[in-house]
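All chains are identified by letter, namely A, B, C, D, E and F, in their written order; residue positions are counted from 1 within each chain.
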Amino acid sequence: MRFDEAYSGKVFIASRPDWEDAEAILYGMPMDWTVSYRPGSRFGPARIREVSIGLEEYSPYLDRELEDVRFFDAGDIPLPFGNPQRSLDMIEEFVDSILEKGKFPLGMGGEHLVSWPVIKAMYKKYPDLAIIHMDAHTDLRVDYEGEPLSHSTPIRKAAELIGPENVFSFGIRSGMKEEFEWAKENGMHISKFEVLEPLRQILPKLARRPVYVTIDIDVLDPAHAPGTGTVDAGGITSKELLASIHEIARSDVKVAGADLVEVAPVYDHSEQTANTASKLIREMLLGWVK
Amino acid sequence: MRFDEAYSGKVFIASRPDWEDAEAILYGMPMDWTVSYRPGSRFGPARIREVSIGLEEYSPYLDRELEDVRFFDAGDIPLPFGNPQRSLDMIEEFVDSILEKGKFPLGMGGEHLVSWPVIKAMYKKYPDLAIIHMDAHTDLRVDYEGEPLSHSTPIRKAAELIGPENVFSFGIRSGMKEEFEWAKENGMHISKFEVLEPLRQILPKLARRPVYVTIDIDVLDPAHAPGTGTVDAGGITSKELLASIHEIARSDVKVAGADLVEVAPVYDHSEQTANTASKLIREMLLGWVK
Amino acid sequence: MRFDEAYSGKVFIASRPDWEDAEAILYGMPMDWTVSYRPGSRFGPARIREVSIGLEEYSPYLDRELEDVRFFDAGDIPLPFGNPQRSLDMIEEFVDSILEKGKFPLGMGGEHLVSWPVIKAMYKKYPDLAIIHMDAHTDLRVDYEGEPLSHSTPIRKAAELIGPENVFSFGIRSGMKEEFEWAKENGMHISKFEVLEPLRQILPKLARRPVYVTIDIDVLDPAHAPGTGTVDAGGITSKELLASIHEIARSDVKVAGADLVEVAPVYDHSEQTANTASKLIREMLLGWVK
Amino acid sequence: MRFDEAYSGKVFIASRPDWEDAEAILYGMPMDWTVSYRPGSRFGPARIREVSIGLEEYSPYLDRELEDVRFFDAGDIPLPFGNPQRSLDMIEEFVDSILEKGKFPLGMGGEHLVSWPVIKAMYKKYPDLAIIHMDAHTDLRVDYEGEPLSHSTPIRKAAELIGPENVFSFGIRSGMKEEFEWAKENGMHISKFEVLEPLRQILPKLARRPVYVTIDIDVLDPAHAPGTGTVDAGGITSKELLASIHEIARSDVKVAGADLVEVAPVYDHSEQTANTASKLIREMLLGWVK
Amino acid sequence: MRFDEAYSGKVFIASRPDWEDAEAILYGMPMDWTVSYRPGSRFGPARIREVSIGLEEYSPYLDRELEDVRFFDAGDIPLPFGNPQRSLDMIEEFVDSILEKGKFPLGMGGEHLVSWPVIKAMYKKYPDLAIIHMDAHTDLRVDYEGEPLSHSTPIRKAAELIGPENVFSFGIRSGMKEEFEWAKENGMHISKFEVLEPLRQILPKLARRPVYVTIDIDVLDPAHAPGTGTVDAGGITSKELLASIHEIARSDVKVAGADLVEVAPVYDHSEQTANTASKLIREMLLGWVK
Amino acid sequence: MRFDEAYSGKVFIASRPDWEDAEAILYGMPMDWTVSYRPGSRFGPARIREVSIGLEEYSPYLDRELEDVRFFDAGDIPLPFGNPQRSLDMIEEFVDSILEKGKFPLGMGGEHLVSWPVIKAMYKKYPDLAIIHMDAHTDLRVDYEGEPLSHSTPIRKAAELIGPENVFSFGIRSGMKEEFEWAKENGMHISKFEVLEPLRQILPKLARRPVYVTIDIDVLDPAHAPGTGTVDAGGITSKELLASIHEIARSDVKVAGADLVEVAPVYDHSEQTANTASKLIREMLLGWVK
């Protein structure tokens, strides 16, 4: 092999070389500056790409190969360190440009606050948008110790934008009492502790609606995702999370965009979290990009 | 904020500033000098406190908040390194003083031998005491290679003190043949491998009795608690252990004291074990201190 | 104790001092030079021995003690670094010498390619040999990017040698589409994702046949075995793998040899993978060497 | 020991129980939200305290004991995550209150930007303030990719406030060309690569002046301080840094306040960086608080 | 920023987007299959690239910026796992194509054996080639336990190709007695233990000759490079290695190509070794590509 | 290779298979139960043996090979966990038996208290014994918080046994004020901070005397030995420690026995400390066993 034929640059396995003919755009949102506990998710997207080389391109769950999905890995958005507002604006602009071209946005975080501008962009295009949210945490705070831009607030902001009745949370096992009460009083769905079973009951209600799916990796038990900012015991297994992705894939829901957030590699020397995240990304691409 | 209003010193979240009006006393027993395999649990209590900042104060399992439980974190007992006998004496004296004030003792280990002096103190106050013991190991040895003060012996000592018929072990998956035989011959209950289901059957028999609950974190599978001295495959999940705590909370048993032992942070770079332990401590406080 | 009575050298707990009266021979195959992702399994056998000191010699699952099984830990075969062909030849010769003496070979890897020469040796002695294979990966490639000697090929080679209808794979969740198709077209059994339930159905069909059992530690979920080369989310628990070993032990299958491969200690700072592997080795000895 | 005599809360060894009679106040500034590379220094102060238990209270370098210095560990300032401006305001207010009481402020970072509000507070009290700055990096940027509040800017801000001719940097081995040029053009002292020798030459010029000393732990070679955000090869040894602290202690300079920043524990599994930092804090207390 | 303007793929900082106008080509040789101790250097080049983001582009040592050197990062050569001969052939062909275009090859290993095909390619173009070799190990074996293709042999092969009198080794502190004797008997230069001082004496003798410089990162003391396969105490500091690179840069030697090998990230949780390697690569580019 | 020719058991490289013709006995003292800070040195000897495979058998410093020294690795003494007194008695008996056979004892710790019984045994045989002690810590306490058997006391005990004027400490940089004063008042030599230069001055005074050399690995700077219980910044380099060993080897001192203690592998993920210790053991064997 000659050097001038060499492949340069690390992307997710099986990414197309150009964006033009891609149906889906994979991108990173390397931001972690509002987290209240352990930072480090800014390095999540890069590590997920790096370890994707350990994956097969074929899914025996879905009997489909990555070459059947045309996607382009656009790299990480160069977000300004320590400036939440400007970071969110840049993400919204970035996703606007994806949607404008009619492509499927698949984001990798970064802290969960990055989902907020994505949802704003999605909602502009899809006024009947619903959100499926898998997470250990409610993320329904109005602010965190006075800060309205915090990783504890994105689902609250989203619920207030698109209507709480259009947000469906699963796997929740941590939050303030007030957050659970606000959800209840405002008609927002929260399934505590479990994901797969309640999801099976909700999915038919969302049939044919455009849905944005946001997955915080900490919905997994710490045993399955030690590499994240805020681990919380009592979560689901990676087997259950894979089954939940497949359940959505086989439903009549029309997934219009998605993200996977909060992978923080430094807390996981074995890199199992990044490896698991890369498999989840593969299954999301194979199952949801039609 | 002025410096002279600053909060000084690291305690478990939501600890009261003074012990006087506390119902429960949380304390550490930083001893690991008799362990036969990997030491390090002396640093368990300090790390559990440190990571408690990542917890919410509300439990969606029990619908109760830490501010509803008045507890005081009394710090670690300053045990003398390498002297088991004097360490055990200090622990007993410490717990005596808690019980004397009518408060609930909640201890954090340290190796499992620390439970022995606590049980002695409890038994002096509660002559009808029963013990619920969750562990991977029987801990029923008479001695360990000749040493009667060993982390392999506390349950044997306890059983001989309060009567083997008053000791109920759950989740056991490791021990010498002689230990299992001794339990059987002496009418001591051992549920091998499982915790939640057999516990549901035993709890009604203990209704209204004072019970001391001692949990060795290694009852969890190594996937859920890698940060402990002696990991042993085939354990229960953190979800099952949480459910077991809640099962006791909802039963008619009168929990009079408890401990959580054998967290050894150095073997768990992700700190999931300490984080899980801090959540277990929160649930024990919320569920058992009434 | 005098120094000239001292025990010298680290072996698996309860190994006999001499090979002559042993029924089973435990040995290491420290090779990892053809792996496509993360190397390091060459250090697996040594670490499994080292941590075996943390085990009890008694199994409460099988009610049997290691002193009831006469086995000898023969150490690691000194394989030549970077030379796959010569390594495989040395392994085959080594196992030939074990079988010649009528002893049970129990191997520890090393990468999965080491199973190939063992199976060749077994097949020479047992022409009606069947293979039970537990793994996350099919390992059915003809070659890996042109290399026929690769950790992705051993089961394909074995299937071609003894007939695909005599190979039974369990727990498979990763592979190329072509591999799954080849198995289907050639009558080879593959149970996707699950091990215990399908094993229960297959075992009666293998009654009284000599069987070689090869276990890739990555059949476990990464939560249960982070210390391996290629982790893949969605695997089974260590509880299920232990139950599968016991299921075989209680069946009418005649286990004639076995191995446990792909433990790579450097990716698991907690050493839970090596500890789990040492327990699995104990159960394989206690359950399969009769 | 009785529980109600127990010491509660983790502070730096030998801290006085009350602030009133203390000459010096030790405090943490747990902020890392503007760092451009690896975050995590928010956990520096807590870990430095925790490991201080491994220190002796006596310095054989200075022949002085911690009991000879009356200091109070005031804990960490509770800074708002992700809001740099408000964090800096809180730090300034906190240090104002220390100076108002006539006490010596000794801060622990956190990222280097935390030194900026401290210097502002110091300058209000000491109009003839000089700064001694030990660091691998110039920290002289006007902004970082547009952000004026960045960990790359504090020395620039300080130099513009108190005059570049009053700032003396040592050990610098990384920066933009423009930063070195700005320093040169504006009469600011930069000693590249070395600390001890150039410090010996500068100290007499600062005799009897009030000096604030700010030490970025990354002035040490990565071998001596792997646990920091931005490691940079070619630094000084801990022996040289200790000698530099002692050189200042023995000079006629009047140290009026100091800080040690950028300890990020998660990147240093051995905890040598936190241990080294705790020893540096001890020597700073013993050598500079007179 | 729009997604279709996004930068995709991870390269060394300041790499040009195209190879055509580059003077130097940076490339990775991700091979580690012949190492005799700890593997893992296959991941060295990728990690060096990833952490280069933490570097400044300016060198205060050489007063030069990366934008002054036109280089292109060509990525990693896709070498076949476990096949040393084919890997070496691919490397030689790759470097041939770089030299054919008149560009400077700067390689990143990978194990040290990768230098052998590079030197073959260099020698074809530069018949008067000399080699400067910095390493802890002689690497002068004829074979390693029978294998002529081993990471212990590249300098022997090189010496036999270009003549031992043209090879100059520095920093050597480990090898077999026979290796040191062979060097002595054949007129090959070996400076034991030290690099900088002996280099200063040798460089004038090499003035105006084309030189290939091969640096094994383990010439550094383990304190400065823990992340390598075979650490060996008593090495030089990163400060001395930087000074040695600068000494060559300022000499009359004509560096015609170079490599830096044996970075194995998994053994260095702090990533100091990869960070140091990325700084060394920057200095090699700035100092040697004229 | 046949299995019945296989080498079984892990020993230090080049150990003789039998003790009879050995001049020196290498042995482990796996005790860490009296340490006041971080335990884990019980695993030091086993890890030093394991990594010795990465060493060459030849020393270019001393131009001597391990095959020229006849030594036998006797394994670890099976010390009773948590019982300091009985452990010390076993060590003394073990070393008595070595000395009785006229062999050179070379011990590996374990915590430093293990040197105390060895010195007792040595003194019985050599009434004119002197001690060379390299350490970061004085180890001159009478007791540690009341415990006379503590890792802080062995040199005090030794000094009281053989006379303080026969004890020579080097590299000391940590201790209580009282310890330094006691040494001074009683004529015991302490070289603070440095080892090599003061050693050169002391060695002639010890010419022809039998000397026991005890090296605490923490005499090295934490950069060179992170894997130890109590790291303390400002230590010497491994290069200086090697030179000190060689200085003794070339002197007229008659080394009669030695040890290397306090290697605690779990704090050093890179294993550089164990690797360095194995090289030190090699140099001690080659330099001191004549």
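Keep in mind that, in the parts below, a residue touches a chain if its C-beta (ideal position, glycine included) is under 8 Å from a C-beta of that chain, and two chains touch if they have at least 3 such contacts.
By chain, UniProt protein names: A, B, C, D, E, F = Agmatinase.
Because the structure is a prediction, the values reported are computed rather than measured.
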item	value
Touching chain C (Agmatinase) and also chain E (Agmatinase), the following chains	A, F
Chain pair equivalent in interface to A-C, over half of contacts matched, among D-E, B-D or C-E	D-E
Chain of greatest Cα-centre distance to chain E (Agmatinase)	B
Chain separated most widely from chain F (Agmatinase), comparing mean CA positions	A
Where chain A (Agmatinase) and chain E (Agmatinase) are represented by their mean Cα positions, the distance between them in whole Å	40
Centre-of-Cα separation between chain B (Agmatinase) and chain A (Agmatinase), whole angstrom	37
Chain D (Agmatinase), residues touching no fewer than two other chains	38, 78, 221, 223-224, 267, 269
Chains touching one another, given as label pairs in label order	A-B, A-C, A-D, A-E, B-C, B-D, B-F, C-E, C-F, D-E, D-F, E-F
Contact set on chain C (Agmatinase) toward chain A (Agmatinase) in their complex	37-38, 172-177, 180, 192-193, 221-224, 226-227, 230-235, 267-269
Of chain B (Agmatinase), residues touching chain D (Agmatinase) in the complex	1-4, 6-11, 15, 19, 25, 27, 46, 49-50, 72-75, 77-78, 90, 93-95, 97-98, 101, 269
Of chain C (Agmatinase), residues touching chain E (Agmatinase) in the complex	32-36, 38-40, 42-43, 78, 80-84, 86, 144-147, 149-150, 266-267
Footprint of chain F (Agmatinase) on chain D (Agmatinase) - complex, ascending	53-58, 60-61, 63, 65, 221, 223-224, 237-239, 242, 269-272, 275-276, 279-280
